[in-house]
Structures are given as structure tokens and as C-alpha cells.
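Chain naming follows the written order as A, B, C and D, and within any one chain the residues start at number 1.
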Amino acid sequence: MLKSKALLLSLAATVMVASPVLASDTLKVGVQAPITGSYANEGQGIDQSVRLLADQINAKGGVLGKKIEVVTCDDEGTAMKAAICAKDLVNKKVSMVIGSYTSTCAEAAQATYYRAGVLQTSDGTSDTLTEHGYWTFFRNSFPNSAEAEFAANYMVKEKAYKNIAILSDFSSYADGLATAVQDAVKKLGGNVVAREKIKAGSQNFTPVLTQMKSKKPDVIFFAGYYSDGGLIRSQQVALGIKADFIGGDANDNVDFVKLAGNAATGAYIINVPTPELLPYDLAKDFLKAYKAKYNMMPPSIWTILNVDGMRAFIHGIEATKSFDTKKVAEYLHTLKDYPGITGPISFAADGNRVGSGYMTYEIQKDGSYKIVFK
Amino acid sequence: MMKKIQVIGYPLFFVVMALLPAVLDSRWLVVATTFVIFTIVALSQDVILGKAGMFNMGQALFFGLGAYTTAILNSVYGWPMLATLPVAIIIPALFGIVLAGPIIHLRGDYLLVVTIGFNIVFIQAVQNNLGGVTGGPNGIFGLEMLQIPGMGAFQEAAPYYAALFVLLLTLFIIRNLESSKAGRALHYLREDDLAAGSIGINTRVYKIFAFGVGAGIAGMAGTVFANQYSAVSPEAFNFLQSVLFFSIVIVGGSSVPGILLGVFVMFVLPEIFREFATWRYFIFGFAMIFTMILRPRGLWPAKFGRIPKAFLEKGGNHGQQ
Amino acid sequence: MASNDLVLTNVTKRFGGLVAVDDLSFTVQQGQIYGLIGPNGAGKTTVFNCITGIHPCEEGSVLWCGEEIRLLPTHKIVQMGIVRTFQTIRLFGQMSVAENVMSGRHIKSSQSWWNGIIHTPSSKRDETANWQVVFEMLDFFDLTEFAASTVSSLPYGIQRRVEMARAMAVEPKLLILDEPAAGLNDNETQTLIETIYRIRDKGITILLIEHDMDLVMEVTEYLTVINFGSKIAEGNPGEIQENPAVIEAYLGSEDDDF
Amino acid sequence: MDTFLQQLVNGLTIGSMFALIALGYTMVYGVMKLINFAHGDLVAGSAFVGLFVFSQLLGGEVSLPVVIGVFLLTIVAISLLGFTVERLAYRPLRTAPRLSAVVSALGASMVIQNGIMLLWGPQMQIFPELIPSVIWEVGGVVISLMQVLIMALSTLLMVGLYFFVEKTKIGTAIRASAIDQDAARLMGINVNNIIVTIFLIGSSLGAVGGLFIGLYYRGITFNMGWQYGLYAFVAAIIGGIGNIPGAMLGGLLLGLFKAFIAGYVSSTWADAFTFILLIVILIVRPTGILGERVAEKV
């Protein structure tokens, strides 16, 4: 009896403490992104654009009358920090999380969000992200397998390369993409002459490239990040390897061109459109606002994809007139062609974004992109 | 002084630790759990580095081996978490023994680089998905979490209590080690390898023993770590982690309170000062330098003179501080 | 072959091109106090290192109790009952006197390696019994009052006693002392002489190197003199003092210890 | 065969850089018996200072005097930084237990690494293209002007250092201090000055290494010092730490190992094989290839 009384008291205390929070009428949106570390500019881009979108929505009166409050946690691009971030954000009672940039960090945090019923959207392209059956997770980009099919089709059918060399780093995203490309190429009857791995950030890739040279590839497909891709391209040219270079989506970053220098000219990159090339009015408006607020362009398309993820969540809340994440998720799993900055947004039942907006770009002398294949 | 701490300090410490989950939110509970786990690893590192005086900078390898053993047994073979514990002790311990065998005759810095090497080889092996069971660069996710029956709402604190229990077990082992022939042999060979041999200690065997015990305890920590995150990934065991454990033992000093302080200073403080994100490690480096200058033997150095009380009362107390 | 003798036959030890010990033979009989003397750099300590396995010799044989120990590792030789002290004291500096002496009980202790992890009633009994011996040993060397002191903080003379106590804790059959009187004052040296006799009275054979000729001539029963690694004389103290080769060696080297 | 020769060139290029950096470790170790963990971060710092000197101080226009100016100013700045590290982090610990000095070195490494991050940010910076990217193809082997420069300048510096240590009075004093500091002091050698000298020389060589990294790879990050430091340290150990020709040999060997292992054995296991080789070398020769075996005096 005494015990239950104590329980009641403490419950009352909790309510008293908690009620001001409820009364504040905010919708908490978490950002889990690498604010520091190797992918800092991507992480900061995500954070900035989420804050911009929140400001825009708040200016229009918020979501169902609630203002959006953004809470950011820096996962430094490491899985362990991501796991801590997840608990932190859940603890701060966010109802949705935007991020993270890398598949590894998104995956390390997934289970925690799932258990807490917090919606999560990430640009991570690793296929495994949507294989756990978590109803809370929505991918705002397109999975590796979609990119792999596109890349294989481009290399084997469009360009008819005879010898294809594939290179990746050790990260789950890159290794997964490279393996998917390898499988897709084989399925189309292409010939993979080399499949090698490099250590991200190790700078000296000449031994691997030299060895590839002896296999006489017509093309080198690099699945990995721009910070290595730029160097690989420049070292490839310095070694006199005549093969074409195709970089996977994560090479799509302004630093790729800076790192590769003159060698960047003629390199191909496969990705969904870069921010500047998005044909939609929504995109033009958002980029203009971004430029006005931060005096720079978003670092890459990934930033914008994450914004679209958040927009879909907000739309879900408004359409269901509910903050119940379960209801919102149910609605989103059947979402069809909701207009997005990066094109129409549709989700499959497993949380994958439906469609494939991939294109191949060729880097021009002035560093700009030219679409060569859609 | 020392005595007082053992009599009052330890029980007090454990009471405080046992009550912590009641006041911590879930983020700080994660930090507290990791604090306990890192303490276990640092204690295991201390067996090799502090007690036996061997420059080991690869302790994360044994920690990782334990974690991966648990993760693989749980995810691939479906063993319950708790059942993996003995295997997660034995496998790292065996690795410790086998790896130490050919290298323990190496002098200080050579040993240091070889242990770093082992650590790097291990990381590359798990990244390359050795045997198809390590999950590659991603690691292994979605492990079962140890449930403690009857904890109800406190279930979130289960990994914390599991870690705390293992810490208790570790302290029990360390205490036994200190008052045993084998434990003293480690101190002797640290102080003077040759003199230790000259009174009949088989230094080679005891150096390997130190690696075995250190690796076994680290493996145990690995199990609770895998349990806490319900995941393992290669980067959590890379050699920079080994550097952290190495620094903890030296900064703290080779004693139990020293190591607790060391883990607090080297792991918890940076978490507390998260807001100063970019500045914290900069200032931290300075703190490490000044700690070493001001207290070259660590914040709380090991004290010797562990003589059974009964004999001390008989003998003089001359010179005892 | 007498059972508990130490027999060196044609022992040769080289360091690179340098012959440190050259074809040396001598026999230490059970119960003797045996002296090994010679000028500085004659190779005396090297002989000890050969016997105790620290630097095994390449040629010759070292027999102990009828067994060849030339190539055995140090710790095995200790287990067979040969224990030494060092010219430059080698104690476990940060540890207490009692812990230092306890190290000598290592090979006498019945604990297994796994008792380092879990104690058993018998390991606890063993532990207590060994501490008992340590305190007897401290008593024997008059060190009880320093039991808990850190060794490195003690004066030199006391450290010498601790080192001997540690060696004696092993319960050796043969005790090898490398310049036990070095750095001791007259009083301490006198105590040392008495101690050596008391050790011998326990039935322990003693082999020693010493520069203090008064001490050597007083305590030893038999002597071997070496110079440049080879034997130049052997005999009882009286004979050695008369031996012209020995006088030549010491005077020739202008060694003022003699 | 072309591939083999190409790998040889690759290996010698990276090996020369390792050797330059390894010299800094080995010289400090020789005299102080201390692993200078901050050395790798000095190397990283050098690339950033070089970037700053070029773009902020010397106007950002490429010309030969400017390139020489970048090298000289950076070397001066980094050797001063090395000097400061010695004063602040190592000198107060000269009589302390060895492990405390190791941790102090780790602390210094952390300070420099995070200092770079605070000054230049966490993003990768792009090093300017100071050397024209000229390449030649000789019988199927491609070699760039940058590679030739790296190998030539490294060789020159190493030969110079060798003669400095072997033939000059200061060099003799360095060798004497390495063998026995106390005896050297008794012979009238100011060991403090010798230590300052080796820190200045070691940091200068590291500075050149850092500039090479910037020039050759272009992309520089604040935390890249760790990996170069680790590999250079391994090179010094392979050669026999404390031994100057050993560091040169170790650096070149390590560069070649890495090239041939990544090339011929497996790129996915490159690191593992490198360290397995190191371990095997140390098991066979416990003090490195040119290291001396020291018997403990009893």
C-alpha cells in the first residue's frame, strides 16, 4: 500500500515536470550526422538544410500547429558514436531523425529508433538498411542494387567495355556497392578482370592501380568516397592507365574535382542529379533559399535527399493529422508520387524509395557536369 | 590510507555504481556502461602492461576477439548471450598465449610495435569477413540482448548491470592475482627480468601467463560490450582504442583506483565536454602531458607492501607510509 | 663422482673474438666455502654467469650433483639448488623488503598458475606458510624492522642483506655470492662474515667472488685464482698468499685490493 | 616485367618518404630512448603550414623561388614546433619512467593533431600544385617529375645526414650521446644541446616528408599524421631503431613491401601482410635488420 502511494507520488511529480514540455507544443526533429570527422561537410550540409526546412515550415505556422525544434547529434561517422547518438536523441524525445550520412552509422542506430518508435530517414544506400524489417526506417535515396544495375547496364551495354576493373574501400557501403556491381556485370555477361580494395584515407593507391594496369582494363569502376576517388583518378592518369574512370555516387562532391586536378576532366560519375541539375521548381526554390541563408551551395545531392526524407515525414503527419509515428509510417509505406525536391517520392513497403533517378555525368574541363547517359 | 580505501572505498563505490541507473538518463547510462566496460579492459591491460611491465599496445585485439566470439556464436549459431561468455574468455586467452609465445622475448618498443601489428591484422581480418562470419566492414548487428528477469522497467539498465557484474568478477580475479605466487611473479619480472630468472622464476612462462589472463579478462569485457550495443563493428577495436587503453593505465597509474580514475579522465570527461567538440581533445592532449610531468607514475600509482597483516603486526612498521 | 659437488671442466666462454673464460676447471665440494678471486676483468663474474645459465658457455662441462647443467635455462638451474647474488645489487626496487624475500619462495610454493585466478584452501595455506618462512628469513638476517620498507629507499648495506635473504629463501644447496662485501663498511663486513658462517652451518655450500682479501683469506677454505680467464693457481688461503704467480698477477695489474 | 618495374618505382617513391620520416623517429630514439609519437603529426602539420605559407605568405603564384621559399619557411616553422614539443613534453620527463614519456608523447600528438583541426578545420584541404605534373614513359614504366624529385631530394638529404653524423664533430657527439649519455656528458658534451639538435634535424626531415605528401597526393587531412607516423615508425623498427642507416633501409624496404604486397599478393590484405612481415622479421632478428644485439651486463 505504502509502495503504491510512493509510486503515485512520483508519477504525479513526473507529470508536473513533464507537462511544461507538452505544453511547449514543439515537434522535435533529430539530426544524426557527421558534424566532425572525414565527412564533416556532408554532415554539416544535412544539419544546415534540415534547419532551413524547419525555419521555412515554422514561418508558415508549423506542423499541425506545432513548431519544429531541431536537435543535432554528431556521430563523427563512427558506428559506436552513432549508437550513443541514437540513445541520446531518443532520450530527448525526438519523433523523427534525419540521418545519418553513411550507411554504417544509419545501421548502427536503426535498432534503437525502431525500439523507440522514432521515424528515421537516411540517404544510406547499403541494401542491408531495409532488410531488417524495421517499420521506422525510410530510405530517401535509392539502394545500391539500383545503382549497381544502372552502372552495369551502362558499362556492359552502353559503352561495351570488354574488361572491367572494380575497386572499393572497406566500408559497408562501398564494399556492398562494388559487390553488387560485380554481380550485375556478370549477369549481363560482362568481364570483371579485377576486384580490389583500398584503405580509405591511405592516399597511396599506385600499387593497386599498377597491378590493375597489367590486366588492361577498359574502365575502372570505383565504389567509394570522393576523398579517395579524386586521388585514385589523379594517380591513374599519372600512371598512364588509359582506362575510363567511373565513380560511384559518393564521388559526387566538389572536392573530387579539386583532388583530381586536371585529371578530373573526362572522368564519369554515376549518381542521381546534382542539386544544380534538378529540374524541379521546388529544387530551384530550396537551393535559392539555401544559398541566401548560408552563402554557399549544399555540398552534394545527399543533403537534398535527406531534406526530401524529412519533407515526406512532415507530409505524413499532416496527411494523417496525427503525431503517432506508427500511423504516419503506415501512411508513408503506401506513399505515391509526393512531389519532392529530388523528384516524386514513393516508398515501398520495406521503406525503400521507389524508382531510380540515376544518370551518368562526364566531368568537363571547367569542373562542371555534363549528362551523358540517363 | 590504502587499507581504508579497500575497507570503505570499494563497497561505497559499488553501492554508488549500483544506484547510478536510477539517476541517469539513457544517454548517460550508455556512457556509464561503457565506462564500466572500459574499466574492465583497462584492468586487463594493466595485468600485461602495469603488472608484468610488457609494452602491449594491442589490447583492443583481445577485447574485440571476445566481442566477436560472442557476436558470432549468438548471431550465427544462436547461442544465448550468457552461454557465449566462457568461450569469449577462452578464445582470446588462447590467442593471447599463442601470439605471445614467439614475441615475449622482444624488448620494450619492439614488443609495442608487434602488438600494434597484431591489432591491425585482426581488424583487417574481420573487415575482410574472415570465414564469412564476421560481417565484414559493417560488423554484426541485431544481437540478442541479455534480459535480466524481474527487472521490469529497469530492463534498459540490464547491460549496465551485466557489465558491473563482470567488473566485480574482474576485481575479484585481480585481488586473487595480487595475493598469489603467479601475480607476484609478474611484479618481479617487471622490476627486473634477470633477477627474477635468477631466483627460479620461469620468466617466459609467466609473461605468457600475463598475456593469457589479460586477454581472457578483455574477452569477458568484449561479451558485455557486444551485449550493450547488441552489435560489434571493427572500428570499435582498432589500434587507436588500444592506444586509449594504454594511456588509461599509464595516466591512472597501475592500481585499481588509478585505473578507475584513468578511465574517468580519458573517456568520461571527453563525453562531458562534448559541447566543446573541437576543443576538447586539444586541451586533453595538454592535460595528458601535464599529468605525466606532475605525476610521472600516474594519478594514483600502485603501492607495494602487500604483506599479510598478521605478519606485519609481528614485524616492525618501520618505513611503512 | 661425489654427489653434491659442482664440477667445472674445461669451460670456455667467448664474447665475439674475446675469450672471457679460457679452459677453466675447478671443483667445489659439498659444504665448502670456496673462493674465486682474480684481478679486475679476470672473468670471475663471467664464470658465475656460465654456472647460473645467464650466459651459457660454448665449451666444456658444468656438472652439478652429477648432472650436466651447462645449457639449462637459469630458472631450471635455480630449481636444482644453485642460487646467486649480484655484484651490482639487483633487487625489485619498488617493492617492499618482505615482498623481495618472498620472491625467493617462488619455486618452493606449491601454488599452480590458476591459483593466480582462484584461490583454494590449500593455496591459502601455502601462501601463509611461505610468508612464515619469509619472516623467519628476515629474522635470520636481522631485517624484520624493514619488512614493509621499499627496498630502493634503504641504505646499501641493508640492500645487500636483503639480496642474501632473498637467495636464502630459495633454500639453496649452493649459494653463489658475487662480491658480497662491496660497498660495506667494516662493521657490516664483520656481520657478513658471521652470516656466511651461519649459512655454511646450515649445510649450504658457498662459492664467492670477493675483492676484500681480508675477508677472503678469513672465510674461504679453498681458492681458485684466475687471470685473463685462465686459472693461475688454486689451493688453501695460506698457499695462495705465497704463490708467486698470484702475487705477480695482482702486483702486475697494480690492483690495490690486495 | 613492366608491372614489376612500375611497382619498384612506386615502392621507392613511397619508401623514400617513409625513410625521411623514419629518420626523425630513429634519431630521437637513439639518444633519448623515446618513441616520439608526435613526429607523425609534425609531418602532417608541415603539409598544412606549407599550404599556409604558399597561399597566405607568398601570394599563391607558382614559381621556383616561391617553391624554395615554401620549403625553407615550412622547415623552419616545423623544426621550431619540434623544438617546442621537446621542451614542453619531453624534457621535464627525462628522468621519469619511460612509459610516462610515451604517454606524454601521445598527448603531444593529440595537441598537434587537434591544433591543425582547429586552425584548418576537419575537411580535407587541397594542396596547391607547386610542381608541374610532367610524366615520362620509359620502356613501359611511367615516372613523374614529382617522383624523381622525391627520390632525388630524399637521397640527397639522407646521404647528407649520413656524412653529417659520421664525419662532423656534432655528429660524433650525437653518436656518443646515443651510446651513453652520462659518459658523453663527462666528456664535455652538452647533451641538452645534442637533443635539441636531433629534434631540429628530425623535424626538418619530417617537414620535407610532409611537404612531399602534400605535393604528391594533394589531399591533406588533419589526422593523416597517424598513418604516416605508424608506417615510418615500423620502418625504423624494421631497420633497427636508433640506427640511422637502418631507418633509411627500413623505409625503402617498407615502401617496396607495400607496393609488392598490394600489387602481387592481395590489396585486401595489404596491411595484414605488411605487419605479418614485420613480426616475422622481428622474430628472426629481435632488434631489427641493422640493430645491434645487446647482451645485458650482469
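Here is the rule we use: contacts are C-beta pairs under 8 Å (C-beta built on N, C-alpha and C of every residue); 3 or more make two chains touch, one makes a residue touch a chain.
Predicted model only: the values in this text are computed from it and were never measured.
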Give me the fewest steps it takes to get from chain A to chain C if each step has to go to a chain it touches.
2
Is the number of contacting C-beta pairs greater for B-C or for A-B?
B-C
Mean of the CA atoms for each chain, then the mean for all of them together: which chain is nearest?
B
From the centre of chain C, which other chain's Cα mean sits the farthest off?
A
Counting only Cα atoms for the centres, state how far chain C is from chain D in Å.
48
Here the gap between chain B and chain C, centre to centre from mean Cα coordinates and rounded to Å, is 40
Rounded to a whole Å, what is the gap between the Cα centroids of chain A and chain B?
37
With centres defined as the mean C-alpha position, give me the chain B-chain D separation in Å.
33
Check each residue of chain A and list the ones that touch at least two other chains.
36
Two or more other chains in contact with one residue: find those residues in chain D.
122, 268, 271, 298
Any chance you could list the residues of chain B touching two or more other chains?
128, 194, 278
Seen from chain D, its contact residues with chain B in the complex are 29, 35, 88-89, 92-93, 96-104, 106-115, 117-118, 122, 226, 230, 233-234, 237, 241, 268-269, 271-272, 275-276, 278-279, 282-283, 286-288, 296, 298
Would you mind writing out the residues of chain B in touch with chain D in their complex?
49, 55, 102-103, 105-110, 112-114, 116-118, 120-121, 124-125, 128, 194, 240, 243, 246-247, 250-251, 278-279, 281-282, 284-289, 292-293, 296-298
List of chain A residues in touch with chain B within their complex:
35-36, 74, 78-80, 83-84, 87-88, 90-91, 103-104, 107-108, 110-111, 126, 128, 132, 170-172, 175
Considering the complex alone, what residue numbers of chain B touch chain C?
173, 176-177, 179-185, 187-188, 191-192, 194-203, 205, 209, 213, 304-308, 311-312, 314-320
What does chain A use to touch chain D in their complex?
36-38, 40-41, 196-199, 201-204, 206-208, 210-211, 213-214, 227, 230-231, 234, 238-240, 255, 258-259, 261-262
